[in-house]
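Labels run A, B, C, D and E following the written order; every chain starts at residue 1.
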Amino acid sequence: MRTRQLLAVALAGAMATALAACGDSPNANKKNGQAATVLNVGMPNGPQAENNNPFLTTSAAASLGYRWQIFEPLMMWNPVKPADPFKPWLATKAEWSADYTSVKVTIRDNATWSDGQKLTAEDVAFTYNLVKKYPALNDQGVPYTDATASGNEVTIKMASPQFVNQQKVLWRVPIVPKHLWEKISDPTTDAVKQPVGSGPYTLKSFTPASTTLTVRDGGYWQDLPKVKELRFTSYTDNSAQTTALANGESEWSFVFIPNYQTVFVAKDQEHHKVWAPAILGIHGLYLNTTKKPFDDPALRRAMNMVIDREDIFTTAEAGYFHPLVKSVTGLPSPAGDSFIAPEFKGQDHKVDLEGAKALLTGAGYKLDGNTLKDKTGKAVTIKLTDPAGWSDYQTSLEIVKDNLSKIGIAATIDKANQDAWFRNVEQGNFEATFRWTEGGATPYDIYRTIMDGRQLKPIGTASPAGNFGRLNNQQATEALTAYANATDEAARTAAMNTLQKVFVDQMPMIPVGADNIGGAYSTKNWTGWPDDSNPYGAMQPTQPNALDVVLHLKPAGS
Amino acid sequence: MRDPVLEIRGLRVDYGLGDAAVHAVRDVDLTLHRGEVLGLAGESGSGKSTLAYGLTRLLPPPGVVSGGEVIYHPVDGPPVDVLSLSPAQLRAFRWAEASIVFQGAMNSLNPVHKVSTQLLDVIRAHEPRSTAAGRLARARELLKLVGISADRLHSYPHQLSGGMRQRVMIAMALALEPQVVIMDEPTTALDVVMQRQILGQLAELRERLGFAVLFITHDLSLLVEFSDRIAIMYGGRIVEEAPAAELYRRALHPYTDGLLHSFPALRGPRRELTGIPGSPPDLRAMPTGCAFHPRCPRAFTPCDAELPPLGPPGDDDPRRAVACWLHSATAPAPR
Amino acid sequence: MRFLLQRVAFYLFTAWAAITLNFFIPRLVPGDPVQSLISRNQGRISADAIESLRVLFGLDENENVWEQYLDYWRQLIHGDLGLSFTFFPAPVSTVIGDSLPWTVGLVGITTIISFLLGTALGVGAGWRRGSWVDGLLPATTFLSSIPYFWLGLVAIALFAGPGSFFPSSGGYEPGLVPAFDQYFIPSAIQHSILPAATILVSSMSGWILSMRNMMVTVSSEDYITVAHAKGLSERRVALSYAARNALLPNVSGFALSLGFIVGGTLLVEIVFSYPGLGYQLFQAVGAKDYPLMQGIFLIITISVLVANLLADVAYLLLDPRTRKS
Amino acid sequence: MTISPSSIEQVIPGQGAMAQPSAAPGRAKRRRFRFIANAKAATGLVILGVYCLFAVIGPWVAPHNPDARSGDVLQPPSTAHWFGTTHLGQDIFSQILVGARSVMVVGLIAGVLATILSILIGVTAGYLGGAADEGLSAMSNVFLVIPALPLIIIVTSIVEQASDTLVALIIGCTSWAWGARVLRAQTLSLRRRDYVEAARATGERTWRIILFEILPNLTAIIASGFVGTVIFAVMSEITLAFIGISSVSSWNWGTILFWAQGQQALAQGAWWWFVPAGLAIALLGTALALINFGIDEFVSPRLRSAGKTRIRTADGRTVRMRVGFTPVLAPSRPVPAPREEVAP
Amino acid sequence: MTLSESAAAPVDEVVLEAVGLTKHFPVRKRLRDLFSRTPAVVHAVDDVSFALHRGRVTALVGESGSGKSTVARLLAQIYPRTAGDLRLHGTSTRVRGGRPFRSYVRRVQLILQDPFASLNPVHTVRYHLTRSLRIHGNAGRSAEDLEQALAKLLTRVSLTPPERYLDAFPHELSGGQRQRVAIARALGADPEVLLADEPVSMLDVSIRLGVLNLLQDLKERLNIAILYITHDIASARYFADETIVMYAGRMVEGGDSEIVTQNSAHPYTRLLTASAPDPERITGDGAGAGIDEAAGKDRGQGEPPSLISPPAGCRFHPRCPHAMRRCTADLPPRLTVGDRPGHWTACWLYDPATVAADAPGSAAPDADPAVPPPPALVKREDTATLGEAR
């Protein structure tokens, strides 16, 4: 008994002293933060370790996205409208060489670092050389060879044509100050506790759960944003983030919300919004083209015809996570609209059971009751594989399974171990699997991931960069090479049209949804968010565009 | 004859309730007189320990006292029925008036407390106004009484040998100078030399302090030597009661006789040992009539049907009592 | 003291065994943290990043196992648990340092409260058979048969959620800076009530039951009868005689079952997304963050060992029989 | 732990000293199964029986294919779907029925494996003694102290494609230590029992002594250890499935909870998604715990629930069975003295 | 089976002989013992020699801890001996297990003290007896042979009718019946030697006699040599032909039972006999009159010495009221008492030279001066003539 009393006394004592000592508490102003000056951004990424290194994908700055509020890229690119020209940012102008192996950028002269020093071309050249020097920092894998500054111009040289990677060069590299970074002994492991960047915000405080940025006093090269304070909160999981969004605690996030209409939007119909624009990267069912009978494009096309993308979009992805890909070319809209070949313009995918059956019959398949028999009379079965824990994919597979049964293909679903699945997919040991493609500024990345013959490896040898289905199509490979290396627009268009034709004919991967770069947000306190009417940038708070979005925000009601 | 200090009248002790009850002690009448040693002998299962636990109400569940009374006569003051005391009264009665020494001294002492703690807490519980120093002095004195040096007070039970532990228990039993000390096989677990020493000491202490002892054992030969009177239990009943020497010289009950002829004598002529045939009875299925009749060499007609009452034998020796048709004044004579 | 030395020697041995085990587990089947990182960011990290991440994590080093083992020890001795993959380049020790106080605060304190409370109730149940505490046993059995995590889920469903006093996740209100002040402490307490209650409810019945059984067993010991015969007060017999002795096996039971309890309570952190070790372990497992996994396992093991050692010391203090030289 | 025999025990009848050899030897054999008569054990066994039945017939009687989607998305319990449906319209009742098998199989395999290991290690250590004992005891103590669940989580997480069997094997291999420790202690005490010594003195061989003299006397402990391991295995398996570490390719109750959690069933208000599975687990755990209580009480009769603790006496008083104050049932005849506090 | 009713070998033939039997049990090592050279041992049995004769009962009397049960186990070869020899029919034997052990135990069987513990509770009487018969090849060839042998065994130990007991479990039998089953099991081997370790001490007084009588009967009818181990010296007098007294692991006195109990020579034996309950001592008018007659002679509070570091010289000297200086230093050898043939004791009091050089009791400083002079020399006439006789 005595011990319990003692404990209570000790506890009370500890509390008292703690409360007494809270005069200069860092939380003192927490509750009275002005709604009109603070923007609460959330990510469901769990507790963070203090790390503001803008180059490291693992850093808190990257994970929560605030690196782009502190550090800025040379130019802004709008993933929602990938074909639009780049928006000048730290660079006022970028000139690519015809073969896209070098770019000459002009650095604006009114940008300063938050420590007051002027941002110069030297800084930019230093940054690119840094990335070149440390492959660990080169998270875009661009083969830089050299960057030289001259006056306010910097020439960045690459080992190969980078037409398809322009955004990786200009939009994805945060520019860091030379005068500070040259003192960092190992930039790959430095946590950059006091980040100094050219952006409008500086780091105010960091805790494992939240990071607060405050707006600079001045010296920013354009008008300071209306948002005076940015709070990035890392919620422990999706449901915590969802809850925070629902009750308005969080005003901007990128999180998977099942049944988002009920769970999020319905909580405040007027202000709670979700905008999830597609980008040029898709998700779909990769088929192993070396496995009989799926080596037959006719079968693959028939399968494509019965797969109900709409159903998957609404059910599996809860209608928002992976925007529907309508076009038969697999290119999402509106991001890919400008790339669609004339022959496929306006051709949208429709579930066509009869058409599929007819196609199959024509190709020598027989629908025997509920079983599809191939040309040799064998029943067509397929094993669909995806990691067990990826619930959206698993759900998609369930729908696919259901759809395929309509044409008599018996599908089984294998819920794989994640590691095994990665390896098996790369090694070609699968029959069909849901997976994503790379995304980029052009459809090149999508098609490269699906049909690049340069990545063709025998079954059992890993091909991490793509062509998991082992499609061996000379035409596609040549078109891909041509597109990446072309020096004129006509050649590119021709190559792109070829790629689409091959894709539609071969259907090596049945596209279902696009990658999105959207988010959930609230217009209660801030307006000016990008949306369908004004798609000026991506909606995801971790993209470089996030800074552009913040700069667009205005207090609600103003 | 001296005054009675503890009178047991018609005590019945059961294990369990209702029809499932096992009657372990049946209608026992027994009187302990002031300052005497009353020996209670019997085989295992005869109910002798149950009697001791029952009359002090220490029997654990499912034991219940189903009848009878236990009248205690304090030195000054009116007699009380121990069985009808409230828990608080019973607690006050215990140890101050009647203490108990159990068989296993190792198990009787709390292994986690020092001897001193266990000696002192009983004094403090009953004499709350005593001073700590006074209690300590008393504890030392008690240990000396049983021949243990006072520095053993600070030992834990496991640091003492079996004999020492039993001595400590005896010292503890005498702590409040009770009128009655109940001893349940206090020396059975000890070697003979130790047993003799402890019993010697006990006899000496009794001379000095004048308490009465209810001494329970299965070793009749020990009782004959050590006690004033002896009661023999069989099948939950007292079957014979007599002064020790009388009992030894002339056992009336065939069972007592059998017991006396069961242990070999160390001295004197080699006696014939007859023993007792058969096994002790099952308490759940007691024979009808005299419980001993199936083993009795002298059983006759009424034995298997009628329960012999405990009463003075036919020769009407007032100091003796026996429950056997062979000796009953009212009994049909053996045919 | 000999007893204690023996125990210390044993715990050192166990620690060595655990550390060695810890070293070998991830090396037996090397998974790929890079892929894991990519998969967690489905599509948001390009395949081109793979190379840079590999370089970053230093996964290409090839040393023989024995050298690795020695290195591992060398690092350990310097308190270096390596760098976490998920939070690269944050040292594992930093990550653990951030989450350890939460676990100790929640799981540690609750486990001890659960043990004390359960033991106290068990004393009551065992001493007064058939009383209301005894009557609780079937209910507590049922509660203890419920997996921790499920109980947590139900607790969240019933008590937490928007508008409720109880938050459903996290260790404190996001936006607060951990500090001992009037904003943070109440928030932390508020966040810990539900998980703590969950742990209490599901772990306590074990203690109640074992203590009750020990009390029942001890109650029929002779020294209890003697204590009654001595006319001691009920309270003194129950506490100083019965409970005091019944506690001994329970203390060693407490030590031994710590390993199980800690495992179980970590789940509570997972369910409540409580920023402690269990949650981090869960994250690390998902991210194939071997250095972090190893580090957490090591810390858990060592704290269980230390708790065991403390329990041994307690036992030593409680049971004079072990004290003899 | 050793319980020193109390002297009181000896006077309680029915302990054999006074028993006559029974005329019907059949009665004796029944003694071994007497623990079934224990209400707790019986309840537990009945529930367990039902679970076993579901494990066998579950997949056949399930009204729906647990994977099959239907249009009834996220429906609360109804006559068509007793336990409601998932976000895909899968029938949760069917998932639970089908899942029973996986749960039971894993529990059984892990339990059997751990039991065998614990017997091998515990009994060997206890019987052989010496260096073998030191080594084996140290090993089991290490396994005992190392937190089991984190270890299992880590081991399972590095194994690819953790099937039910593999999970069972991992659990079995990591959870034998407790049983081994108890068995060792008990073997150690049995080894010193007279009947083992008597068997040796008769010339019995060691393996025969272990197999026929010692093991039969360990039955209750082995059974209790087995049940304990099954509880642990079931809980671990479900936990692994719930946190998505083991393969969720086969349905078990953890898998159901995993999906429920992944789809934020709580936020969506779909209580039916996780309540039935949790109750199924809890009930199974309770059943197993009850069986273990039964075994405990069978081994140590003192632990039995007190039964009637309050007795109504003939004269209407209520007395309580309690240690230290034996109840007095019959009314005392009027005592020739006023009842008052006895002056010490 | 061949339970021979009549002995082929002559009575009194030495069947089993212990020569200088010694057993030291290692003490569990402690940390600090790592540095000491001599490992600590419990001197459980030291230098014990005696012979078991066909058709005779030899009693081994001693208190708990005296090593008497260890002797039984050494004789049964359950424990390996530390030193000394064991001769079966004159042949030295040392078996550690396997076939030799079996063939040894076929001839030498052990009966344990506690019949409640020595029978496995999970097996029936039939199992216990069948195992014994089978192991020693006495089960016959057919099922009927076995049934017959079982019936014969049970009949031999007076458990009749056998069918009533064969399928009983131990818990259904009374203590006496169990001990009879244990004896029957030992008889199943058709042994020449029975080592009975306190066979009746756990039984009720009224049943003890039956079991002892059974053993006596077996000894006579089967001509078996019996080692009867007991702490009850009175029963040794009654039951054994020869009695050996042990104290703290050593033999202190031996000889004909009647002589050893009635004319005890060793101070320890006297203490033992004086302490034993003796109803004849009663005076009739009260208890305890003679009760402390002997107790006062023990200087050691009745506590036996530590066997890890036993006292030098005679192990009884710390308690002996007659201890002399020599007793504290030199181990007394076996000395013939001389009153009867075969009566010997290990006590310096019986060495006239020692007694002459050193007054008895001189090394017992705390001895009560009122204690009468050493009985060995003064009090009893038979020992008074001792010196002359020698």
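By our rule, a residue touches a chain if its C-beta (ideal position, glycine included) is under 8 Å from a C-beta of that chain, and two chains touch if they have at least 3 such contacts.
Computed from a predicted model, the values in this text were never measured in an experiment.
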{"item": "Any chain in contact with chain C as well as chain E", "value": "B, D"}
{"item": "Fewest touching-chain hops separating chain B from chain C", "value": "1"}
{"item": "Far-end chain from chain E, centres as C-alpha averages", "value": "A"}
{"item": "Separation of mean Cα positions, chain D and chain B [Å, integer]", "value": "45"}
{"item": "Centroid spacing, where centroids are CA-atom means, of chain A and chain E in whole angstrom", "value": "91"}
{"item": "Inter-centroid spacing, chain E versus chain B (mean Cα positions, whole Å)", "value": "32"}
{"item": "Rounded Å distance, chain C centre to chain D centre (Cα mean)", "value": "23"}
{"item": "Residues of chain E touching at least two other chains", "value": "174, 177, 204"}
{"item": "Sequence positions of chain B contacting 2 or more other chains", "value": "44, 53, 58, 60-61, 87, 90, 92-93, 96, 102, 104, 107, 126, 279-280"}
{"item": "For chain C, residues contacting two or more additional chains", "value": "31, 129, 161, 168, 219-222, 225, 227-228, 234, 286, 288"}
{"item": "Of chain E, residues touching chain D in the complex", "value": "73, 76, 78, 97, 101-102, 105-106, 109-110, 112-114, 116-124, 131-132, 135-136, 164-165, 167-175, 177, 182, 185-186, 188-189, 204"}
{"item": "Chain B contact footprint on chain D (complex, rising order)", "value": "4, 6-8, 10-14, 17-20, 306-309, 311, 321-330, 332-333, 335-344"}
{"item": "Complex contacts: residues of chain B adjacent to chain C", "value": "53, 56, 58, 60-61, 87, 90-96, 99-100, 102, 104, 107-114, 121-122, 125-126, 156, 158-159, 169, 172"}
{"item": "Residue ranges of chain D in contact with chain E within the complex", "value": "16-23, 25, 28, 31-32, 193-195, 197-204, 206, 212-213, 216-217, 219"}
{"item": "Complex contact set, residues of chain B against chain E", "value": "37, 43-44, 147, 161, 163-164, 191-197, 199-204, 206, 218-222, 224-228, 244-245, 248, 258-260, 262-268, 270, 273-277, 279-280"}
